[in-house]
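Here come two complexes built around chain A, the first alongside chain B, the second alongside chain C.
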Partner chain A sequence: MRKVLGALAAVLLGIVAWESYKAVGDPDGTVVAGVRILPRSDDAAMPHVLDVVRRLARPELAGGRPVWQVLVDACLFTLGITTVGFLVGALVGLLLAVLMQRFRVAERGLLPWVVLSQTVPLVALAPLVAGWGGRIWPAWMSVSMIAAYLAFFPVAVGMLRGLQSPSPAGVELMRSYAAGWWRTLLKLRLPAATPYLFPALRLAGAAAVVGAVVGEISTGTRGGIGRLVIEYSREATTDPAKVYTAMLGAALLGLVVAGAVAALEFPLTRHRRKVLLP
Partner chain B sequence: MRRLALPLAALLLISACGTADDPGGTSTKDGVTTVKLQLQWFYQAQFAGYIAAVEKGFYTEQGLKVELLEGGVDIVPQTVLAQGRADYAVAWVPKALASREQGAQITDVGQFFARSGSYQVSFANKGINSPGDLKGKKVGNWGFGNEFELFAGMTKAGLDPGKDVTLVQQQFDMQALLRGDIDAAQAMSYNEYAQLLEATNPATGKLYTPADFTVIDWNKVGTAMLQDAVWASTERLKDKSYQDTTVKFLAGTIKGWAFCRDNAEACRDLVVAKGSKLGASHQLWQMNETSKLIWPSTKGIGLVDEADWQRTVDLSMSTKNQDGKTVLTKKPDGTAYTNEYVQKALDQAKSAGVDVQGAGFTPKQVTLNAGGA
Partner chain C sequence: MTAVSVQGVRKVFNAGRNDEVVALSDVDLTVESGQFVSLIGPSGCGKSTLLRLIADLTAPTAGSVTVAGKPARRARLDQEYGIAFQQAGLFDWRTVRRNVELPLELRKIPRQRRRERADEMLALVGLSDFAAHYPAQLSGGMQQRVAIARALAVHPKLLLMDEPFGALDEMTRERLQAELLAVCAKTETSTVFVTHSIPEAVFLSDLVVVMSARPGRITDVIPVDLGPRTEATRQSAGFFTAVTKVRKALRGTPTAVTADT
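Our next item is the complex of A and B:
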């Protein structure tokens, strides 16, 4: 209950901040030495929150469905893409982490590549992956792969750390029981890794959303929220409130995914005492 | 332990399998050849001819099943074509020639837009009526190869684009012009210019009118470059069956554009039905302006005009942008364009009774509504 109230208060605070900047800010922005340091606050750049909400209720196109319905559909489509991307990414990250924990040489050889993978700009990667769509897999799967590409990284790194976290005494105890690597993994390392796993999964969830939205924009995949962001932004000249409705949808999607990961975490960690990370 | 096993099992259960089929390239099945066309952008009236040919069955008449591939921010149509992921692509001539110079084996087989749709627009009270008037002004441009007509126009007027004007990277909406951040903005006649006329003038509370703006039309200045054309794979053009498919595809496309010339409203509806998010009046405007870039076509739609081609190549080699780069460093080698197939398609269309010149074409007066609705 307190959490819900807190969340509501945060949303309210955001709205108040937005509207009060609109009220006091210079409509033409604040320019110092030719550089605009504060954004414009006119209706074209920052429409009133109420206008954006009203825009949600009005039809997307004359005679069409209201914007909010279109947004919900688009969010569900992107949620599907994100989910597949997240799960694939998490699985790959997990397997990589186990592999790197098991073989020291794998850690030495793979970890730099894992880190390097995240420095490849998405814009360079997207056209390549998009090309696989319709040939190796359906077009939407390309976007999922972009999401997975961003999502696997925090899981791989976080999980590796988690698997390596048991104390030498614990490992030695397992050895004294004549437990093999597999048993040690299941009984000791994986349980010990959960406090590392869930923060990593949260990061992966956020990364998967970003990957899905950017991937849609980049590959021109129809049906999702990323596509709506760019479609609506073309109307920024005449209908600025509409642009913000799409961003609202994207934000909502992020919250849903974050909530879903948190929901996954709850039943698995509630019996544990809070573990302090070193 | 069991608690942890559950999500692990769930993770392992994920089946991320895609369907592996469709190896790309034309495939003929039961006498129907499947063809993929890569567009430059999302469905909009700029591509109405192709959309109409699909929806009205003009390709089917030719024994083709055409699949239209929408563009995206990072999708370069001529690259998609060169990599064999599409059979044909729609692309602007200068950009496609630049890709060609970098090794893309592609040939212009149908020059559907005979004229350029690029404008440089400013408020009427700024007094910018010719490229020379841009001197000392803030000039918006999109970059990424969309700016060369503007730079050629300024160079022709004796300006040094690097020194005599302030160049501003322009967004894909027209806010910057309307707010006065820039004095002149790049706009396509069929899109951004319409956006201006769909916006409300705060001074009057009504929509802006054409009288509020002055337009520099590069066709009139003489620095226009050829735009939308259909490109084919140079390598595959050696193959007889691809040649036949090309003629059939062009014949269907010619019929599609002729249909849209005569039935603008029907084509607008086809585009809107394809899921375009732009409003109906905006699409009708775009349809009308697109037709103006094609019709009337004195020699016949789709033929490359030698003089226009030469001017496009010359400007591509001589015009420097702000980075001092030209589009091309040398003349295009090999078969950069050919009229061979489109001529066959034209003959075929003519004998089928299609008006391929549209001498009687008169543009409509399209009324734009607020926001393009």
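Our next item is the complex of A and C:
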């Protein structure tokens, strides 16, 4: 309950900040010595919040469906892609982490590649993935793979730390019970890793959304929120409020994914809630 | 039959490096079945190391360790012993009861039996009311008692304990000493028990093994024969004689006991 109120307050604060800057800021932006240090605040660059909300209710194109319906459809489409990407990414990250924990050599050999993988620019990678996968599977799956590519990283790194987190005493205790690697993993390492896993999953969720949206744009996949962002931004000069509706949709998607991860976390961290919260 | 046999054991940490430590050298120790043996000695003399060698949690540099007639490794794989470490080492995502159940779980004991056994052990250490709590909600001494319950839960033939009562108040400590002896007698458990307290060692043990540091060696083995222990034992003349004997051994003076003690 407190959390919900807090979130509402945060949204309200954002709206107030937006509108007050719009009210006091220079419509042409503040330029000092040829460098713009504050953005323009005219209606084309920063439409009123109310205008954006009103735009949601009006048709996308003359006589078409209202914008909000189009947005919801696009969000659901992208949510599907994100979910697949997130699940695949999380699974791959998990397996990599287990592998790296199990074999020292794997950690030394793999970890640099895992880190390196994230420095490849996504825009360069996306067309490649679409090119490779395009023949084997539908286009949306290529986008999922791009989302997974971004999502696996935080899980792999976070989970590895989590799996390595048990104290030597805990590991020795399991050894004294003649528990092998697998049972030590199940009874000790995995439960001990949950405090590391969930922050990593939250990052992975956000990364999967970004991957899906950017992936849609760079592979030219239709039907998702990424496509809408591009389409609507072409009308930025004539219909600025419309651009922001698309962004609103993308933000909403991020929230849904974050909420889903939180819902997953809830039943698995009972002891921490019971112990640490007063 | 001998429960534990340690022969000519030497343990060197970080051999060949400049931080080399000779933790144990020329250690021979025999624990007969059903015997209660205490290890006592100054900090850093290798008591924990010796216990860990018996538990096959670390390997000797030289010499051999036999537990229940088998090599230490085999004995560990057959889960011949229960162990309680110097630190409680509870799993903080498990409730107290589930922590005690852990070794039973790994022995594939059915849920119902597991639960009964855990509750019985928790009653023994006086923590029945805390079965559903998490370790972080307990004091250090209470956590230590959970660890003891966990070690006892499997009814092991050999019990290895590293300063299990270190964090407890005097009253609880004496009560648990008596309980421990009762449990060991009932189940004919052999015990290797590390402690810093001379009276505790004397009260509990059939044999007090005195060690000295750098390198860790056994300097004395003092048999204690006080018959079945009761609360009166703590006040008996024989008890004080033995305490003095151990104290002198620890100081490194000859163990001859004079009449005035």
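Here, the second predicted complex is superposed on the first by the 268 of 278 C-alpha atoms of A that agree within 3 Å, B and C clash if a C-alpha of one lies under 4 Å from a C-alpha of the other, contacts with A are read in each partner's own complex, and residues count from 1 in each chain.
As a working rule, a residue touches a chain if its C-beta (ideal position, glycine included) is under 8 Å from a C-beta of that chain, and two chains touch if they have at least 3 such contacts.
In this text the structure is predicted, and so the values were computed from the model without any measurement.
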Partner chain(s) touched by A:120 [first = chain B, second = chain C, both, neither]: neither
More chain A residues in contact [chain B versus chain C]: B
Touched partner set for A:13, first chain B, second chain C, both or neither: neither
Chain B versus chain C as contact partner of A:94, first or second or both or neither: first
First (chain B), second (chain C), both or neither touched by A:57: neither
Which superposed partner A:130 touches (first chain B, second chain C, both, neither): first
Contacts of A:255 with chain B and chain C, given as first, second, both or neither: neither
Which superposed partner A:38 touches (first chain B, second chain C, both, neither): neither
Partner chain(s) touched by A:191 [first = chain B, second = chain C, both, neither]: both
Shared contact residues on chain A - chain B and chain C: 187, 191, 194, 271
In the complex with chain C, residue positions of chain A that touch it: 167, 169-170, 172-173, 175-179, 183, 187-188, 191-192, 194, 271-272, 274-276
Chain B-facing residues of chain A, complex: 28, 40, 44-45, 60-62, 84, 87-88, 90-91, 94, 123, 126-127, 130-131, 134-138, 141, 144, 186-187, 190-191, 194, 217-222, 228, 230-239, 264, 267-268, 271
Of chain C, residues touching chain A in the complex: 52, 55, 57, 76-79, 81, 83, 85, 87, 89, 91-95, 102-103, 105-107, 134, 136-137
Residues of chain B that touch chain A when the two form their complex: 1, 3-4, 7-8, 11-12, 14, 16-20, 22-24, 41-42, 70-76, 79-80, 83, 85, 171-175, 178-179, 195-196, 198-200, 272, 275, 277-280, 370-373
